[in-house]
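All chains are identified by letter, namely A, B, C and D, in their written order; residue positions are counted from 1 within each chain.
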Amino acid sequence: MSATAVHSLWTTAAGADPISKIPTPKIEYGQLSPTLIILGAALIGVLVEAFVPRKSRYYAQVFVSVVALCAAFAAVVALAADGYGTTKAHIAAMGAIAVDGPSLFLQGVILLSGLVGLFTFAERRLDPEAHGNRVDSFAAQGASVPGSDSEKAAVKAGFTTTEVFPLLLFAVSGMLVFPSANDLLTLFVALEVFSLPLYLLCALARRKRLLSQEAAVKYFLLGAFASAFTLFGIALLYGYAGSMSYATIAQVVDGSITNINPALADTMGNDALLLIGGAMIVMGLLFKVGAVPFHMWTPDVYQGAPTPVTGFMAAATKVAAFGALLRLLYVVLPGLRWDWRPVMWGVAIITMLGGAIVAITQTDIKRLLAYSSIAHAGFILAGVIATTRDGVSSVLFYLGAYSFVTIGAFAVVTLVRDAGGEATHLSKWAGLGRRSPLVAAVFAVFLLSFAGIPLTAGFAGKFAVFKAAAAGGAAPLVVVGVLSSAIAAFFYIRVIVLMFFSEPRPDGPTVAVPSPLTMATIGVAVAATLVLGVAPQYFLDLANQAGVFVR
Amino acid sequence: MSFPLLTATAALPALGAVATAAVPAARRTAAKWLALFVSLATLALGIVVLVRFDPGGDRYQLTESHPWIADFGVRYELGVDGIAVALIALTALLIPFVILAGWHDADPLETGSKRWRPTQGFFALILAVEAMVIISFEATDVFLFYIFFEAMLIPMYFLIGGFGDRAHEHGDEAAATQRSYAAVKFLLYNLVGGLIMLAAVIGLYVVAGNFSLAEIAQARANGTLHMATNTERWLFLGFFFAFAVKAPLWPLHTWLPNAMQESTAPVAVLITAVVDKVGTFAMLRFCLQLFPEASKWATPVILVLALISIIYGALLAVGQRDIKRLVAYASISHFGFIILGIFAMTSQGQSGATLYMVNHGISTAALMLVAGFLISRRGSRLIADYGGVQKVAPVLAGTFLIGSLATLSLPGLAPFVSEFLVLVGTFTRYPAIGIIATFGIVLAALYTLVLYQRTMTGPVKPEVAAMPDLRPRELLVVAPLIVLLIFLGVYPKPVTDIVNPSVKQTLSDVHKKDPKPSVEAAK
Amino acid sequence: MENLIALLVAAPLLGAVVLLCGGRRLDAVGHWIGTLLSSASFVIGVVLFTDLLGKNAEHRTLMQHLWTWVPVEGFQADVTFRLDQLSMTFVLLITGVGSLIHLYSVGYMEHDERRRRFFGYLNLFLAAMLILVLADNYLLLYVGWEGVGLASYLLIGFWQHKPSAATAAKKAFLVNRVGDMGLSIAIMLMFTTFGTFAFGPVLSHVGDASEGKLTGIALMLLLAACGKSAQVPLQSWLGDAMEGPTPVSALIHAATMVTAGVYLIVRSGAIFNAAPDAQLVVTVVGAVTLLFGAIVGCAKDDIKKALAGSTMSQIGYMVLAAGLGPIGYVFAIMHLVTHGFFKAGLFLGAGSVMHGMNDEVDMRKYGGLRKYMPVTFITFGLGYLAIIGFPGLSGFFSKDKIIEAAFAKGGTEGWILGGAALLGAAITAFYMTRVMLMTFFGEKRWQPDENGHEPHPHESPRTMTIPMIVLAFGSVFAGGIFGIGDRFLHWLEPVTGHEEGNSPVSALTVTLATMVVLVIGVAIAWAQYGRRPVPAVAPRGSLLTRAARRDLLQDDFNHVVLVRGGEHLTRSLVYVDHTLVDGVVNGTAASMGGLSGRLRKLQNGYARSYAVSMFGGAAILVAATLLMRAV
Amino acid sequence: MNPVNYLYLSALLFTIGATGVLIRRNAIVVFMCVELMLNACNLAFVTFSRMHGNLDGQVIAFFTMVVAAAEVVVGLAIIVSLFRSRHSASVDDASLMKL
């Protein structure tokens, strides 16, 4: 096109009516309400930090967040009940957001795990009171140097980092958008919106602050690195298709697009753009879900971050990221199936095996769970690869089941403490089953669910994804998955043996008696684990109805 | 719809388990009585099932069918054929004895040992195992079966790892580690088997679209469901592997000796007499029915493995120094016979195999429980630590002898009938294998009699001089089993009548007919 | 009438149950209960016998069907008893001799606190033995077959505190198991061939089956017979079995159980008749055993072991006869019965001697006992004369017939077998004379034992002597009663069938020859043990003697080859199981751990190396995607 | 001139940035390299926008800047706190957690 033509793009001829040129964007606020509610609440949270006196901030924040999350969840339910998940599914906000089954389902899951995670954030009974103040698991003052006078002063003054609540909400809002983003820009922004607060949250542990900060730095640098790749991938994809919208790109990819201008025709010819771009975006998402070889941040961050954050992150991030991955692969790149499926096969296989094998020799419970989450990412990928409706719904179900079990497991980890805070070294868990059978039993339930023993949520999920994969013609994947879950079983069992069959250490940790908050978290998790294990049909139906993407 | 008898039979012990676990820690005796009562009630239900079952009737009776997980094509489908009925009866019968025999096995140890033994837990777990075993006998839905086939491992695992021989654990760390090794080995072995089966189960779903045994078998029969030869073989192998681990079949057997050696005698009985039967049962019900062609394809290899198990197990039993290990290897040998009978694919062989499952359950229970009483008296499992018991505890020795004789399948005792049937059934189709298997009976005599001679006869060892004879409770456990052994030895008809029709159907599933005798002499 | 048959078995079975479960409160009367029930069984036997005699020959078969035992598709085993002339003979022998020995044991076991249990076992044995001979099909026979094995196991090992006894018992059972294996294989073969294993159908359809199969069945039956009847090569257990109380040796290991093999062969005569090769093997086994036993009998100083050797050899005669086919069946059974009398008598005599000599068994420590225990001496002497075949006594009739039959087999076989039988007769005369002389003649050779007790030889109590006397009568007259006028032949013929062989040598010649060798045997024995005093300690003796003392090295062979070899095999297998089979599993686990440990190193904590892996991963991802498109 | 050359340039910049991330120790520098990568992306966006003759690319460039700014805020906060607590900004020093 000529230079003048381009010039006319951003200069308007004088005299013409400029207002009429820019159409007012049409936003369906109702359908975006979940996200908007959370965002609004987050902003309120910021205001609370600014204006509410320190003493009552905690309560105000907890109140605001709980209300917001509940309201948002209610909104999601309402939308789903209104049929937006199925019949009325469509693209909202000028093509930026897709309101359809998967996005609503995943938003629901994210909100719930956010709520449950929030309880663990708000827990203040586990640590002994410092100077007569209840303390939670976050640093008294993130800015103060560990061990410095300022920190002591902050502790003495009974400061608490109540900013974590708005941060949590911001992260949640990002996660809500992530799986429902319907153009690459929204995808990228959402990615950053939920990543940045998490980076911060990681740095805010009360105990072991050095580890916490190290975790934050690693997570941040690697995260930024990854999102740079994602962005470049977006750029290339944009270059290929000349548009950011999923729908258009999809059309261009499978060549069903109608109005082809010469420039597009030119770039369309160049598949390298498409393939490299697609690969780079996928890589960014694989980083978020912690798939091998993009997993290496996971153990360190999971270990260093404050355990409530770890639990929330492990659950919600995976859900959001897999949601986005599904949409990308199913809506944008279905035309490329024959290119990315083999690659994903490889990724899934090494993820399943790698996670399981390395986990065997772990000695820290949080790292152990981190590797187990990697292995699980592999299992879910197997479902993603199925590229069938069953695949989608099975992945949705798996994510739902998995997130609850994970949060529950980490919540239990917060309970087992000794002088140095949480006793995360496995050796300290020896004989826990003798000291407090109940906690040990609950944890055993979670472990068995991770291991995929029948009558637990883990089994139902695993069966669902493997079934989808096998039906989708990925039988070898299923076999590998089965073998790696056999390997994985080994270390879950090891923990159970440790808890029940070995003698308690004299210097062993004590089990703190939590407030109703954590109890609620664990209770919900156990309930979910068992219900999804014994009577999963209702939730499978939900996932099935939600299994269709809108284009 | 009628009263869900089968569900009740499985649910009763399950509820009993929960109730028992809920008994406050102080009232351990109450828990014991509760557990015993529940197991007896279950036995009663089992007998009702036995009575309500009509050998001449449909293949699966007392059926129940409710939707469960439609999405996985899973239905809650129960139903029993003769084979299942026999095994359910066996299970329901043995559990009360197991509980009674283990009456004091879970009592807190005397001071000086920190071992943690929640009595309630022990008996609750036993009942839980019973419930799961029973329902996996009843399930006619592959998935339903699989779920309990797997879930069963967990309570068994805690029983093995949590409650070792009283004799061997005065806070002794080495024993504890050994025990947990055994428990982990048991669990991993069976879990791997189960997971491989899971792959096959999924495969089955992909091929068949549902899990209903009846539907699939029928669809296969009338050709509406076609399986590619290789698919069928792979699926068969997946299923068979799991069952062969459970059974256990050489060379997948090494978990059994450890598990039986480390667990208390009642738990050992639970493993070998009840839980392992699920494996052999499943071969008969699932492998043959779902994959007839593949079963026939694999038969030669399986027969050879079974043969190896028979001889190998017996020889190893001869070489053991530990009473329980010896019994374990003996069981491996016997499982060899059972599998041999199943895959000989003759009516004598399969009826014999089914009968064998029942008889082996009873005889092993008798032998193992008496051995347990013996061990609990002396506090050692080593054969070398005994001698001349017969002089100080004649009744114990006598019962032990009868148990041994049953194990070497002496005519007149139950195991003889089944073993002979298996041998004949095998011989009619595979003479060479039949003859080699016959050597097993000589070896059986060897290891049992050597065991008896070393422990019971000869001069009285000072350590056993003060050994008390069987107590009433213990006699109450052993006597009925012995009576049963003799009764089924001279009059097995009740069992065979129930079993025969089902075996006939199984054979027709695999399209096999008995070889005809060369001379038609029978009238 | 046939309903009585079950009672034959029921009575002793009841006795066994009562005595074994009765507990101490029966100790006082237990032995009488046992004796009573066994004699009750005998009485029933007599009643049935008279009933049979009342019928004419072809109606002398009574059947009693009790219940269906194992009903399985195409496999029908019934609990049915069959009483015909053959089983009748055995019933009388078993219950008769059995009752006598019960009576004898009352005295013999007086001082044993476990006497009640002893009688329980004896009754158990009777019941099992009766099942064996009354069974109408091979499977039921198998029950009795192993039942008597069990009883003999229990009785041999009755004095369990003696390790030697326990070992002997175990050995007996194991060796018998080998035989039983033969029996069960035979039954399986029958099942595959005839579709059944009931006597009637099988024996009547023999004609339709191929000779190969029949030979197989016959040989397997022979294996079984060898086990029970202590025939070479499975004879090794009999000598050790003498560890049991003497009445046991008399009843089980002389009169009844050990002859079960002969019964089996005769019962299955039809099969053997159709399998000449098998028959040849049978005769060979018989011949070899009769010499083997005789030789062993010559060398033993233990009176019971000497008699055991003799038993072996006598049964050899019977097996030989049975192997000859219809010529010999009747005589096999006849010798079996007469042998039952005199050998039981001899054992009881030996028991009585031991009873008087503080259980001393070494004949070199006897001598001149005739003065001290006259009754024993006379009864034992009559048994002696009977067994060596002194004209007119039972042994003479039965053995003589067998030797004739052997020659009558004709051909070289006939000569060889007949020769062997003759030679056996000579050796028999020798070793029995030796026993006689060493025990009852010469000077007294016994000394006080280590704790100073001088044995005081004395006659045994009435309960013991009466049975001996009765049996002595049997050993004197039974032969005559049976033999003269071929009564026994006509009695049994309907069951076993009979044919006259065409002997190359006349019956008279055979008889004379037998007399000659008999005299020679006795003379040699007299020369060696009668004229000069017997040394109290055994001389080293010739190579043969020393070998014979060790049962011709049979045990040493077994020990080296089977026992040692077996031990090595099992030990190595245990090792294999632990290191190889189990090792693979543990190895896999270990290697997983190792791999994990190595992979773990990659997680080195440096953010930049993580970035490298991401970068590399991205590169691979891109490359792979492009590659996919390329291919 | 052909806009494609700008693409080559941006690819080059991106690679330089990535390499920097891999080889530099100082957290700040590493972070600056990430920013460089982001800017390389921006260049690509603008170029493509030019090629396709629509504005999306340029709009995205603005968004990217904002995001980058936000990242700077968060990143610097974290890095500075790390620096203050261990008096070094080397990413290699922060390796307490490993294996």
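The rule we apply is simple: contacts are C-beta pairs under 8 Å (C-beta built on N, C-alpha and C of every residue); 3 or more make two chains touch, one makes a residue touch a chain.
Only a predicted model underlies this, so the values are computations on that prediction, with no experimental measurement involved.
**Student:** Show which chains lie in contact with chain C and also with chain D.
**Tutor:** A
**Student:** Which chain lies at the heart of the structure, taking centres as C-alpha averages?
**Tutor:** Chain closest to the assembly's C-alpha mean: B.
**Student:** Which chain's C-alpha centroid is most distant from that of chain A?
**Tutor:** Comparing chain centres, C lies farthest from chain A.
**Student:** Return the distance between the CA-based centres of chain A and chain B, expressed in whole Å.
**Tutor:** About 46 Å, centre to centre.
**Student:** Compute the distance, rounded to whole Å, between the mean C-alpha positions of chain A and chain C.
**Tutor:** One centre to the other, that is 81 Å.
**Student:** Give, as an integer number of Å, the spacing between the C-alpha centres of chain D and chain B.
**Tutor:** 65
**Student:** Measuring centre to centre with CA averages, how many angstrom lie between chain A and chain D?
**Tutor:** Roughly 24 Å separates the two chain centres.
**Student:** If a residue has to touch 2 or more other chains to count, which residues of chain C qualify?
**Tutor:** Each of 589, 600, 603, 605, 607, 611 in chain C touches at least two other chains.
**Student:** So which stretches of chain B touch two or more other chains?
**Tutor:** Residues 188.
**Student:** Where in chain D do residues touch at least two different other chains?
**Tutor:** Chain D, residues with two or more chain partners: 18, 21, 30, 91, 94-98.
**Student:** Name the touching chain pairs, would you?
**Tutor:** A-B, A-C, A-D, B-C, C-D
**Student:** Over in the complex, which chain C residues touch chain B? Could you list them?
**Tutor:** Those in contact with chain B are residues 20, 67-76, 79, 139, 142-143, 145-147, 150, 153, 157, 160-161, 163, 165-167, 169-170, 173-174, 177-178, 180-181, 184-185, 187-189, 191-196, 201-202, 204-205, 208-210, 213, 566, 569-571, 573-574, 577, 581-582, 585, 589.
**Student:** Which bits of chain D are touching chain C when the two form their complex?
**Tutor:** That would be residues 18, 21-23, 25, 30, 91-92, 94-99 of chain D.
**Student:** Mind listing the chain A positions that touch chain C in their complex?
**Tutor:** Contacts found on chain A: 217-218, 221-222, 225-226, 229, 271-272, 275-276, 278-280, 282-283, 287, 292-294, 296-297, 299-300, 338-340, 342-343, 346-347, 354, 357-362, 487, 490.
**Student:** Under the stated contact criterion, what part of chain A meets chain D in this complex?
**Tutor:** Listed in rising order, the residues of chain A that touch chain D are 1, 5-6, 9-10, 142-143, 145-146, 185, 188-189, 192, 196, 199-200, 203, 209-211, 213-218, 220-221, 224-225, 228-229, 231-232, 234-236, 238-239, 242-244, 261, 263-264, 266-267, 299-300, 303-304.
**Student:** Any idea which chain C residues touch chain D in the complex?
**Tutor:** Within the complex, chain C touches chain D at residues 600-601, 603-608, 611-612, 615.
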